[in-house]
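Worksheet for the structure shown next.
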Amino acid sequence: MKKLLLTGFEPFLGNEINPTESIVRELDGVKTEHYEIVGAVLPVDFKETATKLDEWLDKEQPDDVMLLGLAAGRNRITPERIAININDAEADNRGYRPDGERIEEDGPDGYFSTLPIRDMVHDLREQGYPAEISNTAGAYLCNHVMYHFLHRAKEEGWETRGGFVHIPASHELALTHSKLPSWSHRDLRDAVLTMIGTLKR
Amino acid sequence: MKKLLLTGFEPFLGNEINPTESIVRELDGVKTEHYEIVGAVLPVDFKETATKLDEWLDKEQPDDVMLLGLAAGRNRITPERIAININDAEADNRGYRPDGERIEEDGPDGYFSTLPIRDMVHDLREQGYPAEISNTAGAYLCNHVMYHFLHRAKEEGWETRGGFVHIPASHELALTHSKLPSWSHRDLRDAVLTMIGTLKR
Amino acid sequence: MKKLLLTGFEPFLGNEINPTESIVRELDGVKTEHYEIVGAVLPVDFKETATKLDEWLDKEQPDDVMLLGLAAGRNRITPERIAININDAEADNRGYRPDGERIEEDGPDGYFSTLPIRDMVHDLREQGYPAEISNTAGAYLCNHVMYHFLHRAKEEGWETRGGFVHIPASHELALTHSKLPSWSHRDLRDAVLTMIGTLKR
Amino acid sequence: MKKLLLTGFEPFLGNEINPTESIVRELDGVKTEHYEIVGAVLPVDFKETATKLDEWLDKEQPDDVMLLGLAAGRNRITPERIAININDAEADNRGYRPDGERIEEDGPDGYFSTLPIRDMVHDLREQGYPAEISNTAGAYLCNHVMYHFLHRAKEEGWETRGGFVHIPASHELALTHSKLPSWSHRDLRDAVLTMIGTLKR
């Protein structure tokens, strides 16, 4: 049985909850047909989050890595196509606001996801879940951890596949933000399991 | 046990499905704690739909009436506050395009819903479903049947309460329209049952 | 030459500016082909604004009344079709938050605008300005003053026509709210003048 | 005086007009303080557009290159940060629909714009035009020509700066598509001139 590292984030930007946090806690330890899932919650902190992710990677040595994040405002599951070499967004939970600096001074401008994102979208839609590939993970923490993973995997020659998936707000979160499209927690969690089902090779 | 007439619409404006149609078919005949539900599907046809609704009203003599419609683009359940005395919208399924004519030549400009819309929103949110009162049911078929019911109930001095509720697209519909926010069919149906639970007096 | 009372609002809901305020100040005293424009700025205050509007109406005795308001988030000029008999929205600038009370205890549920809204939309589009009739002016101050005017005009048997028009955010306002669609101040002001041109009978 | 190649596109995806086409035609031959502008219209054709762009580059040998495109649905000027090595979108005007193929088999996954995008956004906002950096130029023709230019400039060691800027729909286009936010043609053209003003080094 292979091991999947599945990460989410703590709440951020003033939201009180983050659906990815509860999903990864709920799926931590779950065994699917091909994977044992290790769930990990990352801090919304530009100075700490990559270190934290590295600790999980070093400790768990996962076969595959799926990084989850909330995309408040999106209305479907969106596997991300590319991570870009920049931090340029709102302040993180510690109050640090990046100002357009590169993540890796000598790293390439972008890295494509190594997850099978087209197949993931296909399988989600087969299961009745609206989904499409996204061409931007932003320039906040989500992009940051995705770039960090892909850069490290490349530099160290790993075969470990990995990438980022943004999910919509949960109904629970939408109750406090009247403009957000949302899905039920059950739908979000099942959609994540559907994507994990796609990963087997 | 009281009787609730619950209506939905057939598909319209080029959509292949209408989630309200499957919901009312599914709930037809269901008995809740206080109601026996009669589900009816109305045609998207300005010349026929009020007549059809009248037939159901005359035949079933319901205690309360909940008219459902799809609001493609909305991301929450929205009980409507008011029906207005005008038809002014896209063409219906027969190709008739209203041009701003009054529904009832001598009717008032608007009628407020007689359903307990504030309590319905409250109960939906308690159950974890994003909801808010909407101030417009548009000027298409949804508004048309709402106005027709409220005008007739007023003219004939009925105690029957009634009103309209718009619901979001289902995931199934959103799979074919990439811009639509959507809920699962299960969420939509459960939200309708929640509102029916609110109706008891 | 006829007289037109043209009103706007002071800023509200945390916005620092309100484009309708600068437009009515700018057009105050301007003479168009058929009208002398009297520009007036109304307070965002449920307890005061109708009184203020009445003072202007009594003092100026206008032939026609065009009430302007900002609809942050809309992307076109939207003459409103109907005012509804309710206050139910966010807190006003004094901190008063209405809770669903009727504006006029014995007033009708709704009043249609008495401005030529279809012709206004037609003329705006002819001039190259995106426009459409809106079926809801909300349940905040905009709807409140529209209902108040139409109710008083009806009660007192005036021939004075009047109604409400929502306009998009200005570029200036959008600079501080990154999600808002916006038009240049010039476009907004010219669109208002276009609608005033439609009013002549 | 330096030379700027300014490109737009012909209409696409069923739209009858493309505001970038009229802007580049209008600015063709115009001399700003630092630049002579050469305006060129590119075809919406994956098989032809790069060849066409190369012809303009070879013939004009511009000092800088600004590629313009329409982003229907965006409400502000958005200089693009990155081009990605993929074609994956709707069918082009010849009916060719790319299916996720790389633009350059051995090219890097992404290239950052070499235009001063932060300064461009700053100057636009100073001039009163809402603007922000975009992190995705999509995976259609806009991204395609941006990637092509940046790849060629890199491969051939050019000092020529270049990048892509998406602009909102014009009012003229929005008149035919009721959901689109839009700016007046005048605003769009002036915003382009503002960005050209930023380019001087």
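As written, the chains take the letters A, B, C and D, and residue 1 is the first residue of each chain.
Here, contacts are C-beta pairs under 8 Å (C-beta built on N, C-alpha and C of every residue); 3 or more make two chains touch, one makes a residue touch a chain.
Since the model is a prediction, treat every value here as computed from it, not as a measurement.
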item: Rounded Å distance, chain A centre to chain B centre (Cα mean); value: 38
item: Rounded Å distance, chain A centre to chain D centre (Cα mean); value: 30
item: Rounded Å distance between chain B and chain D, as computed from the means of their C-alpha atoms; value: 46
item: Per-residue multi-chain contacts in chain C, two or more chains; value: none
item: Chain-level touch network, classified as line, ring, star, complete or other; value: ring
item: Chains that touch, pairwise; value: A-B, A-D, B-C, C-D
item: Touching residues on chain D, where the partner in the complex is chain A; value: 81-82, 84-86, 88, 100, 108-112, 118, 133-139, 143
item: Residues on chain A engaged by chain B in the complex (per definition of touch); value: 75-76, 125, 128-130, 132, 171-172, 174-175, 178-184, 186-187
